[in-house]
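Take a look at the structures listed below.
The two complexes that follow have chain A in common; it is paired with chain B in the first and with chain C in the second.
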Partner chain A sequence: MSEHLLKVENLGINFINGKDNRVNAVHDVSFELSRGEILGIVGESGCGKSVTATSLLRLLPKGSSELSKGSSIKLNGRELTTLTDKEFREVRGKEISMIFQEPMTSLNPVHTIGRQMMEMVMAHNKISRKNAFEICVEMLEKVGIPESRQRMGEYPFQLSGGMRQRVMIAMALSCNPSLLVADEPTTALDVTIQAQILELILEIKQNLGTAIILITHDMGVVAETTDKVMVMYAGEIVEYDGVKEIFHHPMHPYTIGLMNSIPRLNQTTERLATIEGTVPDLNCMPSGCRFANRCPYCTDRCREAAPPLVQLGGNRRVRCWRVGETQEVSAR
Partner chain B sequence: MNAQKELLRVEHIRKYFAIHRKYGNPKGNYLRAVHDVSFTINEGEVLGLVGESGCGKATLGRTILKLHSVTAGDIYFKGENIVNYGFKKMLPIRRDMQMIFQDPFASLNPRMTIEKIIRAPLDTFKIGEPRYRRDHVAEMLKKVGLNADHMNKFPHEMSGGQRQRVVIARAMISNPSFVVCDEPVSALDVSVRAQVLNLMKDMQQELGTAYLFVSHDLSTVRYICNRIAVMYLGHIVEIADADELFNNPKHPYTKALLSAIPVPDVDQKRQRIILQGDVPSPMNPPAGCAFSTRCPLAGSKCEQLHPDLVACGAPGHYVACFWPE
Partner chain C sequence: MNKKSNGSSGFFKRFRRHRLACIGLFVVMLEVILVVFLPMIMDLDPYSITAVFNGPPSAEHILGTDTVGRDLLSRLIYGGRISLLVGILATAISVAVGLPLGLIAGYYRGAAETVIMRCADIFMSFPSMIIVLVMVAIFGNSLPILILLIGILGWPQPARLVYSRALSVRKMEYVEAAKVGGSNELTIILRYVLPNSVAPLWMNVAFQISSAILTESSLSFLGAGVQLPTSTWGNIIYQAQNVVVLYSYPWIWVPAAICLIITVVSINFVGEGIRDALDPRMKR
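Let's turn to the complex of A and B:
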């Protein structure tokens, strides 16, 4: 299908650790995204969700990381992995842009908000300073910053955390990108501020039709904002489907465990279900299923061979040998 | 559980931090982290303390343990007023009040083995005979879901969840009757978080310890606490039994806080109250109600007068608002 805005296929990322030591951080990740859709990537720390997203903007350190063979990232049908660095600079910021987790550290403390924003606009468009200034003022207004003209001359320390994140969003949107990658945009913020920012992200999607990749570990954020969900574990996609389908009917044992281990607000829970054990080390990944050592449904087959990502009915993709059987268990 | 026996009573406690005159503060103002807070904790009870960052919840927890000096107010622990106790007089009491810290990567000494870390309270308070202390540590490790092999390890050899278990073991080994838990699971991943929360709940029920559970995460608090206090800008704005607070919140801030939490449920579309603006600076708080600058109900009375905590509705439910609903 060519209507997809972004199509990622067989993406693999290795970190180079000394001469002959390659650590596979992301393995066989494929997904696609259409205009005006929000894809949520969830998983625990170290599962490769941020690395996947950063690789879309080619922001990983060059000497110490590489895409594995056969990786393909297509934006509007154009292959991005083969572009030269110079060509890629045209893409980064203009067609794909990114919001980072820490609004405190992702803005330069010694430059004014205006200067940082205008730099980006002027780098991608041939326009005068005056026009760039106006564009930035307008962007700040769009993201809900009052007295935006005055704010342009202020420094990041003069703004609160929520305001800084709004500035980051304004900056990321100032060149009207078709894809926005948001890496845990609300994790560092308080709940009431988080609610404001999530509301803003939904507005952007509706008004500008921007496709958004939202990385988070908060299942609540996923349920309320995204259209599609990709659950990652130890560098692989374990489950992928629409958000409603995943929440109503999780199939992979990891997703099921994740859902059951969240304390709920609207009901008192006597005891939380847990996933025993911890994530395996990237250096010594098991040869079979990566979740096998924590999986309650694990069999010998799971320990021996790695399961493929299977396409089921609808859009569901699951990486599990026992997918039919766990399904029955999860239905309870 | 030993119901309804009062363990700790805090009365009108205040903690102000002095700000250096040099740093844009010519008047020599104070940062009012905790401002006139009173509450009690019964034996074996878990009181949750929730609020956004900077509301003074962690400062309050530390002040009760006298890790900060107290600016004003009284702390009665088992009937004794400990506010003016010095280091020496506090020492025997410290055995009975412990703390679990937020970040297990920072709260364990990297140069000490796990055995030494967990043993420290036993040595300090001279609990048991020295030759049995090692067995005591091993027993404690088993209780928190680790095993005796971990004794000779160092903190860096363990994962975040395991380290937090060590922190819990250290806090619990002197068998305290009161533990302040300062965001004990915020630094952990979801699946590990559930393990640690279950452990804390088990320990609490087994040993009958009272917790002051400080957290910004309301769903965690709901899972573990009997009673919940909501803080905003140094004040407690609402305090009630857990079920009562969630089913029947009265303070506008509590309502906004509850509605702001993303719920992991795709079918539930809730009416969300989105608060405008940010929390005011505790260096320069509003004259009247602390919440008046963001409150949808605020009137001129709210801007001038400060509301006290008053009983409202169900027994044990207190709200600091002129217009509780």
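Let's turn to the complex of A and C:
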């Protein structure tokens, strides 16, 4: 499987809560990503999408979290979970980079844009200040910042939110990483800026061949940008496939619920469709299917035993006992 | 294009805009120059006793003489040397000890936090005067030891200030982003956590300098500080404990008190100026 850039297998993450209290936040997550592909991870708050993504960069707090046994993260065939912290620092920024949700606070307020960018470029490449400066200017231009030379000497507070997010993206890409993790990069921006940033992300994918993991809870963003979608619920993958397939033909009851809850322009409904209930508490996960208590198709079997992630035709993977039946229901 | 000069020139530009801070800096520098160089050009003798006791200001003694007839101007200048030295050096020691400890406690948390901050609590709750008295009894009474003691006993204040800021800064996304960029811990602490945590410290420094000067005076009073006849601003002011001096001979203590106040206020403004100048958002 060396053709895949990133291969995550059986990823599980536990939070350590006191001495013998381990809470399972992410369970049995496997996916792979090739160069130039965008994977969207969707799900509601607390479903483990951010935790999954930050674990790729080993950003989870040490001592209060751990990967469960058998977790494997391979980048270009190289196992990342066994690297020492020092080795891993080389991976960060250079091979995997990340952009955050909140551009307002993602830049160090006391240093100029240029200083921050150059610091990062120079940390990973042995080049002169002058070269680093040129690389940064070029990078800023690439992400569509006008007068980039002048911007290098400005402080974060002098830029707007959209500009800052562009700077963040430029910074994340300045060492030409093969994988970019974008944790809700557009959530804090208004809609027009959001569209520009998404366009930028698509351009990056096309021009640089960077693989991107896009975490979001906005189904519109997913539809517009991603190639593959991974729907997560309560720390597990519930459905995984190409974006078209998922949107045209959702199979898992949760995905179906998500699709139904997108308001449509051509329908005049009084109330928006919702998925009843709330996500189960991480401390007391049901023994059966984690979605059982909210699922309209739930049976006794669902409450008793946890369904496995089943590989169907194509690339589709679904975690549901009644997958065949829901298909019929949704097809109607 | 060189960013470093760019950044520091921005600092001076912003500092210059803070008029009070510039005046404060000027006053402090003037004081330092006066106490250092005045004795070289003027004939100042703080020790010899003249015939005039409690003499009011006159042509011979510009600021008058004290209770035992020593020239007060000389005592003020020589006293300033010691007081400024104690204030500035002791505070520098407090910050040098407290700042890194506070940063470490706030950034790493965990065991480091517990050990460092509980030590700070112990230091703060223990009567420092008694420790100093004991230490002076053990190590003897000398100016370097005094400065060291006052400085070390003052470390919890800067440590706690920086600690409390570092606690919130470590969670900021730019720290996370720096980690993502592959920066090592030292870079993150020095470039990200430190500059974003020191702002409240600059104000504290001013207070700490003044309190160090006063601590030295109280210690002198208890016989553990700088001993008479060596003069300090503190022991000049302490003469005002005598009600007669307080009411009838104000020229003995008023100049020293004014010097102390001016110093504290000036340093305070300088502290404010530095704090604002370090914050690039300040544009006035």
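Simple rule for what comes next: the second predicted complex is superposed on the first by the 327 of 332 C-alpha atoms of A that agree within 3 Å, B and C clash if a C-alpha of one lies under 4 Å from a C-alpha of the other, contacts with A are read in each partner's own complex, and residues count from 1 in each chain.
Keep this in mind: a contact is a pair of C-beta atoms (placed from the backbone, for glycine too) under 8 Å apart; a residue touches a chain by one contact, two chains touch by 3 or more.
The structure presented is a predicted model; accordingly, all values stated were derived computationally and were not measured.
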In the superposed model built on chain A, check whether chain B and chain C fit or clash.
fit
Is A:263 contacted by the first partner chain B, the second partner chain C, both or neither?
first
For the superposed three-chain arrangement, provide the angle chain B-chain A-chain C between C-alpha centres, rounded in steps of 10 degrees.
80
So in the superposed three-chain picture, is A:191 touching just chain B, just chain C, both, or none of them (first/second/both/neither)?
first
Touch test for A:90: chain B only (first), chain C only (second), both, or neither?
second
Who does A:112 touch here: chain B (first), chain C (second), both, or neither?
second
Looking at A:199 after the superposition, I want to know if it touches chain B, chain C, both of them or none. Which is it: first, second, both, neither?
first
Now for A:215: first (chain B), second (chain C), both, or neither, which partner does it touch?
neither
Once the structures are superposed on A, label A:275 by its partner contacts, choosing first (chain B), second (chain C), both or neither.
first
Once superposed, chain B sits from chain C at a minimum Cα distance (Å) of 6
Footprint intersection on chain A (chain B / chain C) at none
Which of the residues in chain A end up touching chain B in this complex?
44-45, 160, 162-163, 190-196, 198-199, 217-225, 243-244, 247-248, 257-259, 261-266, 268-269, 271-276, 278
Of all residues in chain C, which touch chain A in the complex?
1-3, 6-7, 110, 172-174, 176-184, 187, 191-192, 195-196, 278-281
In the complex of these two chains, what residues of chain B are touching chain A?
52-53, 159, 161, 189-195, 197-198, 201, 216, 218-220, 222-223, 242-243, 246, 256-268, 272, 274-275, 278-279
How about chain A: which of its residues touch chain C in the complex?
57, 59, 63, 89-94, 97-98, 100-102, 105-112, 114-115, 118-120, 123-124, 129-130, 133, 152-153, 155, 157, 168, 171-172, 175
